[in-house]
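Structures given as structure tokens follow.
Each of the next two complexes has chain A plus one other chain: chain B in the first, chain C in the second.
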Partner chain A sequence: MSESPTAPLTTADGVPLKTSLRRAVRRSKLKAFLLVSPLLLFLVIAFVMPIFDMLWRSVDNPEVSSTLPRTVSALEGWDRESLPGEPAFAALVEDLRDGQAARNLGLLSSRLNYEKSGMRSAISRTGRRARNLEPPYREALIELNETWGELDTWKLIQREASPYTLSYYLAAVDRQLTPDGEIVKVPEHLEIHATLFWRTFWMSGVITLMTLLLGYPIAFLLANLPLRYSNLLMILVLLPFWTSLLVRTTTWIAILQSQGVLNDMMVAIGVIADEARWQMIHNKLGTIIAMTHILLPFMILPLYSVMKTIPPSYMRAARSLGGRPFLSFRRVYFPLTIPGIAAGGILVFILSIGYYITPALVGGQSGRFITNYIAYHMQTSLNWGLAAAIASILLFVVIVFYMVFNRLIGVDKVKLG
Partner chain B sequence: MIKTRTFKGSTIVVAGLSTLALAVSAHAETLNIVSWGGAYTESQQKAYHAPWAAQNGDEIINIDRSGNALAGLRAQSQAGNVTWDLVDMLPADAMIACAEGLIEPLDHDALLAAAPDGTPPSEDFVDGALGECFVASIVYSNVVAFNTEMFPEDKQPSSIADVFDLENFPGKRTLLRKPINNLEWALVADGVAPEDVYDVLETEEGVERAFAKLDTIKDEVIWWEEGAQPPQLLADKEVAFGSAYNGRIFNAMVNENQPFEIIWDAQVFELDGWVVPTGKLDKVKDYLRFATDTQRLADQAQYISYGPARKSSSDLVSTHAETGIDMMPHMPTFPPNFATAIPKDDEFWADYGDELTQRFDAWLAQ
Partner chain C sequence: MTQTLEAATLTRDAVSDDTCFARFTNVQKSYDGVELVVKDFNLDIRKGEFVTLLGPSGSGKTTCLMMMAGFETPTHGEILLKGNPISGLPPHKRGIGMVFQNYALFPHMTVAENLAFPLEVRHLSKEEVKQKVQRALAMVRLEDFGDRRPAQLSGGQQQRVALARALVFEPELVLMDEPLGALDKNLREEMQYEIKRIHASLGVTMIYVTHDQTEALTMSDRIAVFNDGVVQQLAAPDALYEEPENAFVAYFIGENNRLQGEVVERVGDVCSVRLDSGDVVRAKPVAVGGVGSRTTLSLRPERVSIIRDGSALPDNCFTAKVQEVIYLGDHLRTRLSVCGNDEFIIKTPNAEGHGVLRPGQEIEIGWSSADCRALDA
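Then we have the complex of A and B:
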């Protein structure tokens, strides 16, 4: 050791130790990053990008501005008091001719028909005949379809010319814009989404409560029974958890339907008359029963993982200090399990507001969730903007719940066994 | 040395090319055909797919996605990867898909086979069967059927008004969980003439009148969503009446000997047929010509009670392939069945479908 103690430490090949260390750390960081990069890439492509795409779709409104550009610019400076003049009608005819030739009037007519029934046929009929129309276009168009003589039609076109719209979000909460741009409630006979949102939330709350009531004692047994019994019990909890969701749902149909196992048994032992079988499925009750069963493991496992860490000596200490069983449970054991209850509760609640297959199969008319409506707008009505808006509201609600939970309990407390 | 090599190389190329040419001339292609599934796809399989495959060696893959065909076409077209070659859909959806440019416009007289007597397709197909991008293959019908064992023999229902008459014809009903057909029937049962139904439905009072009529039976209705449900519910006697596609009821009556009967009064009939996704016309045009010719459409009627969309096929409709019964009285287009038929107004539903569906759902949720 000839070097002075003040000289910087170096490695065998003379590189300062600090640099060498930094290099080694950087290399291992890069390695770690490369190892997670497939997952990261997968998450970005399969999860983050679709979410942004969905958020984008819920406000995206390109139809009018891209298909009717001339009409939109002809409507600039229009007084909105009387029908626009001949130039606007002429521009519309020209736009529709181009649209018909390029065959892209379909999206436009669907978009405007969401706001005003009758626009679909007005546009497709006019589009088909636009080529043969002769000036003056104002008279020709109004004669062809009286929709073009309505002030509201033109106000609608002008309003929807903006490349972004809030109307999907408004529709998702049963509101609409009047032709003059005020936000009003939709007529009572068209109200549907607000009811479904509300139903989704309260039924998910009930399901969460039910899983807690049923799951708490089971988790307690799992944590406190001798190992050979608790293992068996654990398998009984996990087996259904591993079974296909569809199998569990359809099994409930077989059990609960009016010609099903439970009703048959009740009739056989004489509890109910054959004509008065219970209606336990295709309603709210069916959804609650089936989903409580399906989501039960998500409550039991976090509870169990918390209860497992509570030393049995605490309860013995409470008892030896004179607490009666219920008091010791309430004052000592129960408070210690609150992180588990919260973790299980938030997990079950969030999963259940996003559930869709089970309510669709056993919910009938009254037990449907808002998620079934998202599917409907995705697949049947093809109003993807509205589907995206409803889904975005659900996403927002979940994020709010998550943040509240994180503030109160801390997300690191969530454990699944 | 070098020359030999080139020679060898080119022989291989030539050999390769000739194999390719053989493969092309043999048409060994795979056609992805989208349809409705169940008894309907089976009738297509027997009447068109199997003979075509035997003739050409093509492989035909049936995809049961017609229920959501429009959404599927849109998604495939947006993703830039259209995998469907031919799609069976309703004319209303075809109109929308055509306006969006998702499917090919068709030149019917050039593409399709003429009738055996030389009548061009544009005159041989029934009214409304040839759309800009659409060629119909069948006429089918939405009807209400009942289980004859649920009513005394001397008091069987016979008109659509009986479906709304709980006093004389008690029991549950099962109806499609959509406003379509139900609103039409409610108005006819309330006294509107079949030909005026859509004029009345275009007014607010008309819609209210239809919903008010539906209100009278709402408590007794089980709503169905899958075409297989109503025959099942009727067979189980869970319901007395059920609205259904006439082919499904026929299937249950004839193949399963169920005691059902169809109320042909105020049947809502419409067409169903083929569309070609954009870019697929060259691949499927030979098949399309074959599958829509006079003989093939008549053949299909041996397997299911949907009327052929060609006039020239009607005379060839004979007996049911399995039971040998006469098919004609089971066809929606049979004159006694057709007297009070309502042609489904696609344009009306294209315009008011969104709003009425929302109103119907809100009404159900009340």
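Then we have the complex of A and C:
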């Protein structure tokens, strides 16, 4: 205010205008805040906190530093050229004794086993016997399990002493650290995530394209038919939302499976032989068909909302200026629907890369998405750090897509409804 | 109504075929198959003419324009362009320029790209396109605005661009559907002048739709007054104002006093009409039947004079009572009650020598029977 060349405006009683305005709107702001606060609270608890928890878990690395504190400090200043000295071994035995007593060696052993196979059994065996070991511990441990005589074991312990790790992220993209800290590819037979990421992205791309091709004409009709028909059509578009996702997905199984409706019909009318039934489900094709169907409304609705705002006079103008119907469409109508295409595209794509149930049910081995591996790591392998890392990568990709979209099209261009 | 049809037929015959540029013959249009929106529309347009379709909202003006442009098909009748029926021709082959009410400028293109569109679809060379776009922009005085988007222009500027775009590919016929409807009064007058200037300099034929009668009167060569899907009268502006052929036109164009009555005598160019109040008025029969038929008399307020001592008496003289005087600067509008009509308006110039009227005062007024037109009831 001080920079303004004229004196600040005041109300009649001499209070600066801005101050009294602020005072006047404060009440209504407070009221607005109170109205949204339940939702805000819910979002924080159910959405924001889990996301931060997930991000935290993907780098969190407490196992070594909390279970083997003495070992870690004994390894300080170690030359990493030869096996550490007796104090480190003694510290390890002491840590394992405590760990065994507190029953928390399990987490440690799985954590280290991700990095070096054999660590699980080495730790659990040693932990059980640690109470009875006699000095000198170095010889005793190596005799008990030769893992302790390997230089890499100690390098690993030292490296994982850090409270944070990137190894989950590396694992999520099929990379790992060598004992000397280099990043290398995992052995070929263990490569799985990169392929799945790639498959998730390209199949989501195909699904997005399919929804666009199928949805564009429908959205056009919705926006241009007389109200009587367009209302009916809109109901048909929204109908899937009234049906359970599970039902819709399993219906596709009934239709597409080898003994399913479509194959039976094809055989009956003689298009295919009985023994050459099409394999249309439990593979990529099945995932693409079912997901295209399920995500179609998410393409149609943003397209419709944009098309609704395009007055018919634009096309008429283009026609009257001499444009053939297709050319007028391409040069005038289509460019105006790009915000809708982009909004629908980004929506379908983001929903698709995060989709779980449908690929799990109809995707078989080859049509599975990365999300199915997140679930696998959460429920079966119990490697939550890796699950969190994969999920965080997905989140990151979504954010990048959103930002690109915002830069190219502008979110404010999209009016939904 | 017979009168109207006669008029249309007369006009049609009067135009010989080589000067007739566009023609509607017996065109009918129904959207729903129940109601005729346009009933038996006939119109002949000469080359280079500026014809206005004027009428109240919903009278079918836009519909007629859309049929000309090819966006609607007539349910009956024929539209001819330079002697050829065009019903089979899609809009993009008609070569008719069109200005839409909301301009319909393509929002994702710059002004120059908008103007280039009709040229590019005609496969003109880049050089030619550029030249013509520049010339068109110069014509509407927007040389420096080629790189702007339509959204960055004022309403009047957008209007000019829409006009330039409809003209840039040199169509012989330009249709305009209430092109000035969205502009404020000053801008509208400026644009009326601009459109007239361009029309005069290019010599294109224009069909113009408006429901603003002043606009129609100032701009047109001829005006077709629409009501209910029927052309009520097709005439030059002055004829329309001075000699309305039926009660609707008289009522719609300009202000007029209406008196209802019954013809009691008809001799040559003068008839006597007994009003419902019992007074007998002498009028000029225009669209009335014989003795005994109902009629509406139409009288322009400025044709009524106040009779002072010594001035010549016209052939209608009545005593009136002043109800209300409204001061309008250059003239006074006075509401009188006369012949049982409380809404009788007269306009008197605010000139020296005119005494000031007061409500309640009784005055003598009169008018010539030639100015009082007996029209259909």
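Definition applied: the second predicted complex is superposed on the first by the 388 of 417 C-alpha atoms of A that agree within 3 Å, B and C clash if a C-alpha of one lies under 4 Å from a C-alpha of the other, contacts with A are read in each partner's own complex, and residues count from 1 in each chain.
Simple rule for what comes next: a contact is a pair of C-beta atoms (placed from the backbone, for glycine too) under 8 Å apart; a residue touches a chain by one contact, two chains touch by 3 or more.
Everything numeric in this text was worked out from a predicted model, so none of it was measured.
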Clash or fit (per the criteria above) of chain B with chain C on chain A: fit
First (chain B), second (chain C), both or neither touched by A:Thr243: neither
Contacts of A:Val332 with chain B and chain C, given as first, second, both or neither: second
Touching partner for A:Ser162 - first (chain B), second (chain C), both, neither: neither
Which of chain B and chain C A:Ser37 touches, first, second, both or neither: neither
Contacts of A:Ser381 with chain B and chain C, given as first, second, both or neither: first
Touched partner set for A:Arg316, first chain B, second chain C, both or neither: second
Touched partner set for A:Asn406, first chain B, second chain C, both or neither: neither
Between chain B and chain C, more extensive residue contact with chain A: B
Superposition-derived angle with apex at the Cα centre of chain A and sides reaching chain B and chain C, degrees in steps of 10: 140
Contacts of A:Ser28 with chain B and chain C, given as first, second, both or neither: neither
Superposed arrangement (fit on chain A Cα atoms) - minimum chain B/chain C Cα distance in Å: 46
Touching residues (chain side chain A, partner chain C) in the complex: 311, 313-314, 316-325, 327-328, 331-332, 335-336
Chain B - residues contacting chain A, complex: 68, 70-71, 74, 95-102, 223, 236, 238, 347, 350-352, 354-355, 357-359, 361-365
Complex interface listing, chain A residues touching chain B: 102-107, 109-110, 113-114, 117-121, 124, 127, 188-192, 195-196, 258-259, 365-366, 378-383
Of all residues in chain C, those that touch chain A in their complex: 69-71, 90-92, 94-98, 100-102, 104-108, 117-118, 121-122, 165-166, 169
